[in-house]
């Protein structure tokens, strides 16, 4: 009994630095936001007292509702686009080729490029009158509008540009972790290298692929600079509304409500993922 | 024309300076005066009483919300100020909106202000004053270097009457910019109606800043309101200082039909952009031939080689709105004397003239002779003198403006 | 088995691998090289001449923007501060993450799943919410506009990744090795310091690199908690390239000012940090 | 440094599963004892309890008369060699061996000398600056051994140390280990499921099954005269023959009777295949069903009555017989009986332990 107690004490002592830190420095602003979203706390003037007005505004005003859908559209589409680009690249760089080391370093560069720089690069290149449209015009060709366009194609390109390296990194790691013997076995059984990739390596790397997809999805719900600078004028994603309301209109309660709705949406996606993969992790997970 | 405008302004200045002889108002001050008797401070005894105290304080921190004024301050103003008074200034370019929130939060936490003088956007003044972070000093009459301030600009920003606690350092003007490579001077649209005709003939060649993302668009929207709203009841609240947001929303619902009808047609043929810079970039790229601009920003861009000199500006005949930004002293400052001295310096003839030359930034000082201060090639980067200031109009009440922007988003952008 | 694997590797004709290389580098050139080339041209625009349509290259080249941007001593200062904060955040994250990662990796307990989920939460909640909330709190604690405050708030964002990567890394240490150390007379502390820490090095490297990078490019939290007193390179960048104003040539210069040091760090790190460790930390949620 | 080791009433459960059901065991000073049994029999659990990597639910462990089960692993002064070698991958061979000495704050000069001696002892002096990943399996195992021995432990624990090696190397290391043991006389507990290792190395063997010790004895005793059927079957090959006794006669399952002295009516005989003689005899009752040539001997499968027996014939005369030949079998003069393993039942509650 004493021993069990001692053991759980040492467990909690181990958890305190990391988990405790997050509990304090993440938990308190989160609590502040949750209180703020129902009018019980505010950062500027006095709190108005309990109200659901912010959630009502957020969920009934069409501007914000469209913002929520647009956020989801951007996240989903850019994540799928990234996945579509990242998968073949990951497959290809599993092979050895001349200059592999250099490529492996260079492809990660967009990882460290801030969103605002990515937006700037998109602008210089494909905005109306940007370099590519100029070049196309010289050739007598038209160039599609990719900035401020209804489908936010430029935004999607910019967001995918930033997230593809991350996906390649994570998925590549998952694929590299698939034992070579298993792949060799598939080859001896008559699979071509492409079949072995598709039928053996991809399924075995699936946890890594879904994890990368989810992380990119969650990360992109907060994207601000890229849609703000090169996105369509309407709708604006929730992140942009959050900035505008926080800094231009001093509407902390509304910002907190938007943040809560956005977090809740991401959490639901994550929970769905857990529910769907429950069986899979149990099958492949460790005993203890 | 110019004289006619200047005379009443000059009169106002005279009245103001006459008033300034009286001691500063007797109300409670919300600022730590640090050994300075604010009740007996006047513009007459300002320099003699402030200067020694300021020199003792030796340094101050200055926030600048703009990006474009940084060369003016860093390379010109601050060295001159330091040389003159031996007071060093820590210069920090900030995001104005975030800084205001920080100051409000600091006040709530009963912390001293990290800044002593804040060059603040007019759009933030209401938030700042209501957040209680502005020292309640009558800067509009107190500063000896600026006895001739346009008192409207010095006491009201975007319809919000602050009574003079924010002093106008900088005035600017929204306008139309057009590239003479595509539109010859003389044939450019001069009215809202002509602009619509041009836009229809040249789809996507007119670039308009989204009003909720940039002042050149917001100003354009307000100018259109001034032009199209004819009903007297609807015009009445334009410069009413006591409109609240629900009233503004009702006004937007009731009064803006003709404006929205105009923009519906215009927007269908225009490119709506994500900001002031965005519009200028489209004009520079040759993708747009004409667009909504800020005069000073376009002046600045031309100086940096970011806008071709073939671009010219004009004001539509029905008038376009101008605005400005001011200096405030935070209530939480620990260096009031130094802050006051620096504010006074920034309003001096010397700095106001320099600012015009470097940034195309207009002044609220009514007796400065702008025409004489500028070289011809720089004057060519400004609005023609026959249009400014005669066609300049003050911005309407900020709440009305916000409500109109929301209408614009709902009626024009949402449906687009 | 090995023979089979080798045979299939050499079965791929050499020319095929060259074409693969050509294709991949061409894609890289188009998506990375071209934008950076255009940025380079913008950074060299002559402010007296400009660069307007329909010209495909600037009509006149000058280093004026480089001089005016990099000549600003506050840029160098901001760069130094970015490095300092990056290093501090990295070490703080490692220090805080190690014990928790150890517990998560090696001690079975009931609430583990819950705690794993909680650790992910800071990645889900938008940064601006955390930043504003914590910024307000720090003001009351006197931590606002301080390097300490910025380090603390950035760590909220980097700790989850560090814990995950270290957990993955610690899971890979065989139990026997730890037992062996104990039987040889090492106390739990000694096992931690002499065995676990050195063996978790790949995890520290990968986690450290990611942490450093995300600290270096972090904007929201640094901006709200630290700005304008604490200016990192990224928040400094905002004044050239953000909000309402994008000055293309300055933005281009700053892009390179930001990219070159991070690239150097990347190349250095590529020698120490293994991709797979980095990936392993995120490979499962 | 060697001490004696005593385990009393050790119990270890994992949830509803009882891994160790009340084990008591004494290992004398300098003795080499092997825990032998199939996988899952609890031998590794017992070793873990002694090493301190597991905590017993009940029972005590003493080393040199000092109770150690309450001490953490590092304070029990034991050396352990792991199946996986468990070398520290970030330390060189030399540093691996020195690790335990450093933990004991031995002076640097002493460390140097003792590490060199230990490496010399296992024949790895030349590889001292290499890292574990640069060594072969056998070399790694030698390092592990040197690392465990250099601290002069009170008890040396070896957990299937040879099972990851190939057959030839395993025999070689086994012999080296025996040489070392006879020189050093360290009290050792050796866990294996390989009976040949157990026979070759041990002073005594404890045969385990189902979380208990079946019986303990010298290799010779256990091989020649096992008390229990499990021991007889697990340690080497055997033929088990059920017979019944009546009127001082033993009735074998084929029509053969032998004089018998015991009174019990049911008897289980254990006869090693090499103890049965065989001769070609057309009138014999046995019939060769098949034979397997195993080099040193031939194994014949002989049917006699309802019984099938294995018979090993070694030497030159081993290849005379063919399938289908009729043979006569010669049982040894001394027949050995074993007991059924009824008592080999893991207790599931402390009450059972008391009964045992």
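As written, the chains take the letters A, B, C and D, and residue 1 is the first residue of each chain.
Methods note: contacts are C-beta pairs under 8 Å (C-beta built on N, C-alpha and C of every residue); 3 or more make two chains touch, one makes a residue touch a chain.
Bear in mind the structure is a predicted one, so any value in this text is a computation, not a measurement.
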Have a look at B-C versus A-C and report the one with more C-beta pairs in contact.
A-C
Please flag the chain sitting at the greatest distance from subunit C, going by CA centroids.
D
Expressed in whole Å, how far the mean CA point of subunit A lies from that of subunit C is 15
When the centre of a chain is set as the mean of its C-alpha atoms, what distance in Å lies between subunit B and subunit C?
40
Between subunit C and subunit D, what is the gap in Å from one C-alpha centre to the other?
55
Can you list the subunit B residues in contact with two or more other chains?
95, 98, 101, 105, 108, 213, 275, 278, 281, 284-287
Subunit D touches at least 2 other chains through residues none
Listed in rising order, subunit C residues that touch 2 or more other chains are 53-54, 132, 136, 238, 242, 246, 248
Think of each chain as a node with edges to the chains it touches; is that a line, ring, star, complete or other?
other
Listed by label, touching pairs are A-B, A-C, B-C, C-D
Given the complex, residues on subunit B that touch subunit C span 63, 67-68, 70-71, 92-95, 98-99, 101-102, 105-106, 108-109, 111, 114, 213-214, 275-278, 281, 284-287, 303-308
Show me the residue ranges of subunit A that touch subunit C in the complex, using the header's touch definition.
8, 11, 13-19, 21-22, 25-26, 28-33, 36, 43, 89, 92-93, 95-101, 103-114, 116-117, 120-125, 129, 131, 134-135, 137-138, 161, 169-174, 176-177, 180-181, 183-185, 187-188, 193, 207-208, 210-212, 214-215, 218-219, 221-222, 224-225, 229, 239, 242-243, 246, 252, 255-256, 259, 262-263, 266-267, 270, 273-274, 281, 288
In the complex of these two chains, what residues of subunit C are touching subunit A?
1-2, 4-5, 8-9, 12, 17-18, 20-21, 23-25, 27-28, 31-32, 34-36, 38-39, 42, 53-56, 95-103, 107-109, 115, 118-134, 136-137, 152-153, 155-156, 159-160, 163, 213, 216-217, 219-220, 234, 237-238, 241-242, 246, 248, 251-252, 254-255, 258-259, 262-263, 266-267, 270, 275-280, 282-285
Sites on subunit A touched by subunit B in the complex
43-45, 62-63, 66, 123, 127-130, 133, 148, 228-231, 233-235, 244, 246-250
In the complex, the residues of subunit B that touch subunit A are 95, 97-98, 101, 104-105, 108, 123, 127, 130-131, 204, 210, 212-213, 271-275, 278, 281-282, 284-288, 402, 406, 409-410, 413-414, 416
